[in-house]
Every structure is written in C-alpha cells, then in structure tokens.
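Letters A, B, C and D name the chains as they come in the text, with residue numbers starting at 1 for each one.
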Amino acid sequence: MSESVIARTGRALSREELAARIARDLWPGATVNLGIGIPLLVADHIPADGSIAIHTENGLLGMGRAATGEEIDPDLIGAGKGYTTAVPGASVFDSSISFGMIRSGRLDVTVLGALEVSETGDLANWYVPGGRPGVGGAMDLVSGAREVWVATQHVDRAGTPKLVRQCRYPLTGRGVVTRVYTDLAVFEVRDGRLVLRELAPGVGADEIAAKTEAAFVTDLSG
Amino acid sequence: MSESVIARTGRALSREELAARIARDLWPGATVNLGIGIPLLVADHIPADGSIAIHTENGLLGMGRAATGEEIDPDLIGAGKGYTTAVPGASVFDSSISFGMIRSGRLDVTVLGALEVSETGDLANWYVPGGRPGVGGAMDLVSGAREVWVATQHVDRAGTPKLVRQCRYPLTGRGVVTRVYTDLAVFEVRDGRLVLRELAPGVGADEIAAKTEAAFVTDLSG
Amino acid sequence: MSIDELPTRAAGPVSKACGTLREALAHVRSGATVAVGGFGACGTPIALVEALLDLGVDDLHIISNNCGQDGRGLALLLKERRIRKFTGSFPGAAFAEHFARGEVELELVPQGTAAERLRAGGAGVPAFLLATGVDTAYADGGVPVLMDAEGRLVKESEPKQKQEFGGRTYVLEEALRPDVALVHAHLGDEAGNLRFRLTARNFNPLAAMAALHTVAQVETLVPTGSIDPDDIHLPGAFVDRIVIADAPLGDADE
Amino acid sequence: MSIDELPTRAAGPVSKACGTLREALAHVRSGATVAVGGFGACGTPIALVEALLDLGVDDLHIISNNCGQDGRGLALLLKERRIRKFTGSFPGAAFAEHFARGEVELELVPQGTAAERLRAGGAGVPAFLLATGVDTAYADGGVPVLMDAEGRLVKESEPKQKQEFGGRTYVLEEALRPDVALVHAHLGDEAGNLRFRLTARNFNPLAAMAALHTVAQVETLVPTGSIDPDDIHLPGAFVDRIVIADAPLGDADE
C-alpha cells in the first residue's frame, strides 16, 4: 500500500489502508501480536521474509499467512482460531510460555482493536455490559507488551467518538495505550496525554477536533 | 540381597544390606529420588524392569544403572554428578519441571542421608557449621516428596547417636521425616513421634535404647 | 481430593494404556473439577469430553480456555446441563446462551493468568503475583458471575486480593489444582509420555501437570521406550491413563 | 538494565549468529548479574564463561547451580577474583576456598527455588510463594553470607519474608532477572531457536528466559528453518546471540 494510493482516496482510510499505515511503523526484528479485526490485516502488509515475527498467544512465534486449501492443518491455528501457516524458524510452545514471553518483555508491540480509548491511554475493548462475557488474552497483552497500539475507526457507526475523556466500558488496562491509529489520524500517548501526531491525507485538524471527545495536544512535527 | 544373607551377618547391616532393606519397601509404580551415599545404593536393589522409576532432580525420570565404559555420555548424569543411563520410557526436562514434579506430589519417596534426625521427625543433613556451604535439592525434596525416608548409620563414628531429641545442626526440614532406616533398626514417625518398628537380625531392643538419644515408642507388630 | 489421597501412580513398565474411554475415565466423578486442554477446536480432547456425556457424569466445574466450539465437546455438556461452573478466558457463544438463562456460573480469567494458575498448580506453587488485570473489573470486582433464569445479573465477581511488591500493585493469584485433567496429544507411550503437535499443545501440558489425576487421549499410542527422551514434551509422571482417541466407549459391565 | 532499556531483539531472518565469542559476549559488562546454565560440568557454557576471563569482565554476580567444576569455567573466574557474589544451591569445593578467605559473597538458595525464581523471571511473575525451606535457616536467617580474610563469619542471611496462604506459611520468593544469561545447547539455528540434549538441559532454558540478554553457545549451528517447530525446546525469542562453542575468541580490534 503506497503513500500515493492513500493520498488518492482523499478520505478516511479504509481498513486495509489503516493496516498498511500501522505496518509502516514496525521494524525488522520486531515481535508483534495482532488482535482480531483490523490488527490482523497488518500481517498482509509486513515483509514476507519473516523479518517481523508474528506471535499468536495460543502458542506460535512466526505465524505466516492464512492457510488455504491444502495448506490447512487443523493443528495450526492463530489466536483468532483461523487456520494459519508458520514461517521458517517458527516455534511452538505451551500457553504458559506464550504468555510468559508477553509478560517478560519479549513482545515489542501488540496491535489491538478498541471500544474506547481515554485521553490518558486507558483502553476498553473486552466487554460490552450485557453482552457475551469473554476476555481472552487482551488484559495479558496490554499489561505485558512493550508497546500497545490501538487500531480503530475514529468514530463508531453512530458517529460517536471512540477517543473519549474517560472510558464508559469496562477497562482492559489503565494507561496502557502508547499509540492510536484511526482512519483519520495517528496519536501518541506521551506522559499520560494524548498527542495528535499525524493526519490522514486530506483530513484537517478541525475534523479531528470535532470528532474527538478526548482532550489532546497537537504535535505534527516529524 | 536376600533375608538369609542379612541374618547370617548377625550384626549391624552393611551399607549394601541397608540399601537392600530399604528397596524391599518400595512398590511397583513408585517414583523415587535417591540422595548420594547409601540412598543411591538402593538403585542396585530394585527391579531392573523399571517398575520403580528413579527421578534425579537435575532433570531425568527413569534413571538406570551407573554408566561404564562406552555407555558413558557426558550429557547424561545423575544428581550426584556421576554418569548414568536411562531406562526405556525415560524422559528429560528442565530444572523447573523437575522440582515442580517434586513439589506437586509426583514424587512418592525421597531417600536421604542424615546428620541427625529428631524424635519429632526433623531432619538435619545439609550443613555442618564452619564447613562448605551447599544445600542442593535437599530442602526441596523433604518439603515436596510424599514420603521422606532417611538412610543412616544408627550412631556416628564417635558412637554418638544420630537419632536425637532435638537437632543441633541446622535443619533441612521440620517434622518432614516419615521413616528412618538405620543399620540397627527401622523407625516410623507417627503423629510426630518416633516409633521403633523393626530390629536388624540379632539386634536387641536394649541395644537400640542404649544407642538412641531420641525418645521413641516401640511397636514391633507386623 | 487432596494430594494425600492421590492414588499411587504407575510408572516404568506398568502400562497406563486403557482399551476403552470408559476405562480411561473411570476416576471422573460427578461434582469434580475438570481441566480440559485445547484452544478452540485445536488440541481439544473431544472423545474424552463427549464420553463424559455417556458416562452420566454431571455437576462439573470445567477449567478450559473455551467452553465448546461448533456445538462439539463442552458445548454438548453445556446443552445437557452437566456443567455447574466454568473457569476460563473466552467461554464463547454456546456458553453465553446458557449463562444468560442462569444455567451455569462463570469465573472469567485472563488467558495468560489461567495458563499460569494451571502451571503453578503443576509446579507446587500455591500462589503468585501478576500485574495482569490490575485496575480492571477483573481485579476490582464486577465481572458477571451468575444470571437468573430471566437473564438478570444476580452475582458479580468480588475484588481480588492485591499485594504490593517492589513498589507496584499486583493481583495475588491462586494455583489451580483440578481433580482431573482431560488432554489431547499427538503421540503417547504406555508410560504416559506425551508429544503434542504445533498449536494443539496450548493448555494441554498445563492441565495435565495441574491435575491430581490426568487422562490423555492420543492419536497414536506406542510402546514405552519408543519416544526419544529429548522428544517427550510432557513426562509420563504427569499422566495417569492413556487411551487412543478413537477407542470405543466400552460396556458398563466390562 | 531495565526491560525498557533492552536492545531491540532480532527475529525472523535477522541472524543472531556470531562468528566469535567476543562478538557474542559484546553486551556483557563488568558489574553485571549473569545467569549461567549447567549442572556440574553437564550443559555448562564453558567456552562463553572462560571467554569472560580474556575479555577482562569482572565484579560479576553469578547465578548458577554450581560455581565451577574440576577447575574449569566459573572456578577459573573465582580464581581470578572476577566474581563478587554467587547465587545458587551448591557452590562447591573451589568456591568454599575463596569464600573462606572472604573473597566472594554467597546467596545460598535451594535448587528448586533457584530454578523457580529464574522461571518466574522469564514468565513475568515478580514473586511467588513456596513451602521449601520454611522452618530452616534459609527462611529464618543465619546462612553464611560473607567471611573475612581470616575465615571469620562476618555476615549471615536475614530472615525472608513469610506469607500465610490457605492456612499455611510460605516464603515469598522473588523472581530473578539477570542482565545476561550464558547457556549451552546441543543445536541452534540462526534465529536463536535451541534444542538441548538429555540432562544437559537443566537450568539452561530457565536462565535464558530469565535474562534481559541471552547468549547461547551451541555444538551445531544450522540455518533458520532447519529445526521442526515441535523439536524446538526454547523459542528464539529468548535468545539474542548464538555462537558455536568452539568458535575463536576473536580480536579486540575487529
């Protein structure tokens, strides 16, 4: 996904474009865990040479592309329970080693979806009260990973901002988010404050201000 | 080592005889850890068919006989650091799994030497003050194993009883010993009290009384 | 069951192999706490779990990452009302239905915390500290535990015990020590040594180590001594009974 | 070093292979805490340990089961006064000599407790409870820590923090998180995936997981992708540099 493609759209990034934007910030040698939804699309935009290692918390380091046809092996799945492949150098391990890797600092980045992100970096993404209870590895990932990147639409379907003053949904972690990538902008969390760092092509600062409940400062340098 | 051999000696059991006596009390299916000294000799008196599994805390379940000549493999040693062999069905594992096995109840019996055993089942066997400090796996074994059997001479070289009222040497564990096998007798620890259960052939109860500092009761039934 | 009540474990040439699922599951009683390996459908001991239906075992406390997948395994036990309580991270759609009708209790636990609590049980570590979930409803209370038949929430989780250590706040987590574990492995020998395959490993070795009594179903069963010691993923000391996954249920009057 | 100061770890096709011991050990500084794998002479990374002598690294805090065997490895570092403190269960004869002269400090830890403290470090568990050593000098204080030059005891261990849990008393044990681990493996690939052999496994994977930076010496080094995922004992995520055990030391001005 090249810059020019993104620029040509002249609107909010598509899910694929957002995934491509996130992939650009990963680096060779990084170990990354990708949540379901937009985060998992990031896998399609990183080098196929395995220089960025994908970790799936069910017990695989070195996840490859989704398996299709004869590649499908019922014993090889990702955290989203889809059939997957393994890159050369991949390793498998039990769940305690997998989460030990996460908690002991071996996971550079986790990319996750969000219901809400607060202006101090709180994340809510595991439970809508009254809905199906289930947390999976979300709390472990945000507590353990060295970087927690959120990939989300800037507003929900009703147009309500997802970057909020305070989360109304139950928290997955307090002050854990380090970056937020939306279809309109990129934010960093610096010293507990949200900082607008980048606008999607054709998006103005006033549009961000209008669609963001959370307080934020702007620093579009570099 | 048959009964008749033991009877014929008409005196304190030799180290080999003591090991054979202990081996008689192990059962098919038992998992056993053997300390250095007399305990390790027990291995020579259990069935060669592997029905009693020997655990060595450095990470082997299914230790076989000592390795000699061409059998020697520098990567296969026991807890006493001697070269050993593995029986069919043996497994190897890291030290955390090995001690996890001990602490989680998978080790039926540990057989250990002693400096002193108290009348309430305290064991001292890891340190002579002023000597070389080193504890190895002794504290882990007495804390974790389901049965702690001590194999020891009844008195030390100076003739001083090793079964004492209270240990003078630093403890390895408090109230952990379940049985004591000496060259003169067999004791059980029942409800925190030492019980004389068996005399070596030709040894009288008065000899035990004379050579034992610890209080004990006698129950030579069955 | 306490550790002291554990049956003597077989080892060495004493074969742990069972010819039928019934024989393999002979120690599983109604009311038991049962850890079940697997993640989604991957590495799940489906044959053992579904045999519990036929054996009439009920009132179970299940510890597992998910509570059934695609209507199989634990989802069938749910449907038949055999599960009293579920402990795990992602119970799933089938569970949610029964939960909303007040049929089953939930202990929701982050996935890595559940894995570590099982591992602690198998390692003789009674409790440990973990940062996971601090400042969330998991640690502070308020996660749904039980609904009534009309779908009203009647019980939420209590706050967990916190502990300061090195200037930071942690949750004090307790080891899980289930009565029974049901696990799936690729390969096993008659001494209970197991080898898993790819991501089907997941919670299986942890469940086996944590439980007081472990039953393994394997795709292939080989004689003791057939697996190289370095190729064994889980030592036989953690496995009590082993059965081929496609073994027959077996007759009650055998 | 804190976790945040960790260098970015290589993974995938980024090779971690080093041609010389000097290159492999480039991150090991004087004053570092270094976990060393092995039990006796078995599975000990002798080449890496002895290379530290030539590299002039000193003031080390060593975490290992033993402190050298038969005059090799850590025994040589002791002789050259490179070790400030030793943490482990069975330091051995060479250590006792230097300890009795007040040259080195001791933290004596039961073997299983040491293993579990390393494992906790590698699992992100800051502390845990253990029954081992309760009611002994290990828990209550009084184990020798330091002698003076005349062999008089000048420091004993302090009582450890105890904690009640479920009606029983335990020692609160702290995770070990060494700056560096030096480990030995039978086989490794360029991504750092390792495979051990028989009882040479022992503390090696635990040391590797616990450390902030891990250097592995291997008997055989193969290209990434040569080891089946199911045959890997330790994932490459826990290894930063890998070198063949008989590699040359390498020149200082390389």
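Throughout what follows, a residue touches a chain if its C-beta (ideal position, glycine included) is under 8 Å from a C-beta of that chain, and two chains touch if they have at least 3 such contacts.
These numbers were taken from a predicted model, which means no experiment stands behind them.
**Student:** Give the chains in contact with both chain B and chain C, ordered by label.
**Tutor:** Under the touch definition, chain B and chain C have D as mutual neighbours.
**Student:** Have a look at A-C versus A-D and report the one with more C-beta pairs in contact.
**Tutor:** Of A-D and A-C, more C-beta pairs in contact link A-C.
**Student:** Would you kindly tell me how far, in whole Å, the mean C-alpha position of chain D lies from that of chain A?
**Tutor:** The mean C-alpha positions of chain A and chain D differ by 35 Å.
**Student:** Find the geometric centre of each of chain C and chain D from their Cα atoms only, then give the gap between the two centres in Å, rounded to an integer.
**Tutor:** Taking the mean C-alpha position of each chain, the two centres sit 34 Å apart.
**Student:** How far is the middle of chain A from the middle of chain B, if each middle is the mean of its Cα atoms, in Å?
**Tutor:** A distance of 57 Å separates the two centres.
**Student:** Which residues belonging to chain C are in contact with no fewer than two other chains?
**Tutor:** In chain C, the residues touching two or more other chains are 116, 123-125, 130-131, 197-198, 229-230.
**Student:** Show the residues in chain A shared as contacts by 2 or more other chains, in ascending order.
**Tutor:** Touching at least two other chains: 60, 86, 92-93, 96, 99-100, 102-103, 144.
**Student:** Pull out all the chain pairs that touch, please.
**Tutor:** A-C, A-D, B-C, B-D, C-D
**Student:** Considering the complex alone, what residue numbers of chain C touch chain A?
**Tutor:** 39-43, 65, 69, 89-93, 96, 99, 106, 108-116, 118-119, 130-138, 142-144, 186, 197-206
**Student:** Enumerate the contact residues on chain D facing chain C in the complex.
**Tutor:** Against chain C, the touching part of chain D is residues 116, 120, 123-131, 165-166, 168, 170, 195-198, 229-231, 233.
**Student:** Touching residues of chain A toward chain D in the complex: what are they?
**Tutor:** Touching chain D: residues 27-31, 49-53, 55, 60-62, 86-93, 96-97, 99-106, 108, 144, 146 of chain A.
**Student:** Which part of chain B faces chain D closely enough to touch in the complex?
**Tutor:** Going through chain B, the ones touching chain D are 56-60, 73-77, 81, 86, 92-96, 98-100, 102-103, 127, 132-140, 143-144, 170-174.
**Student:** What residues of chain D sit close enough to touch chain A in their complex?
**Tutor:** Its residues touching chain A are 3-4, 6, 8-14, 121-125, 189-191, 193, 209, 212, 224-225, 229-230, 232, 235-238.
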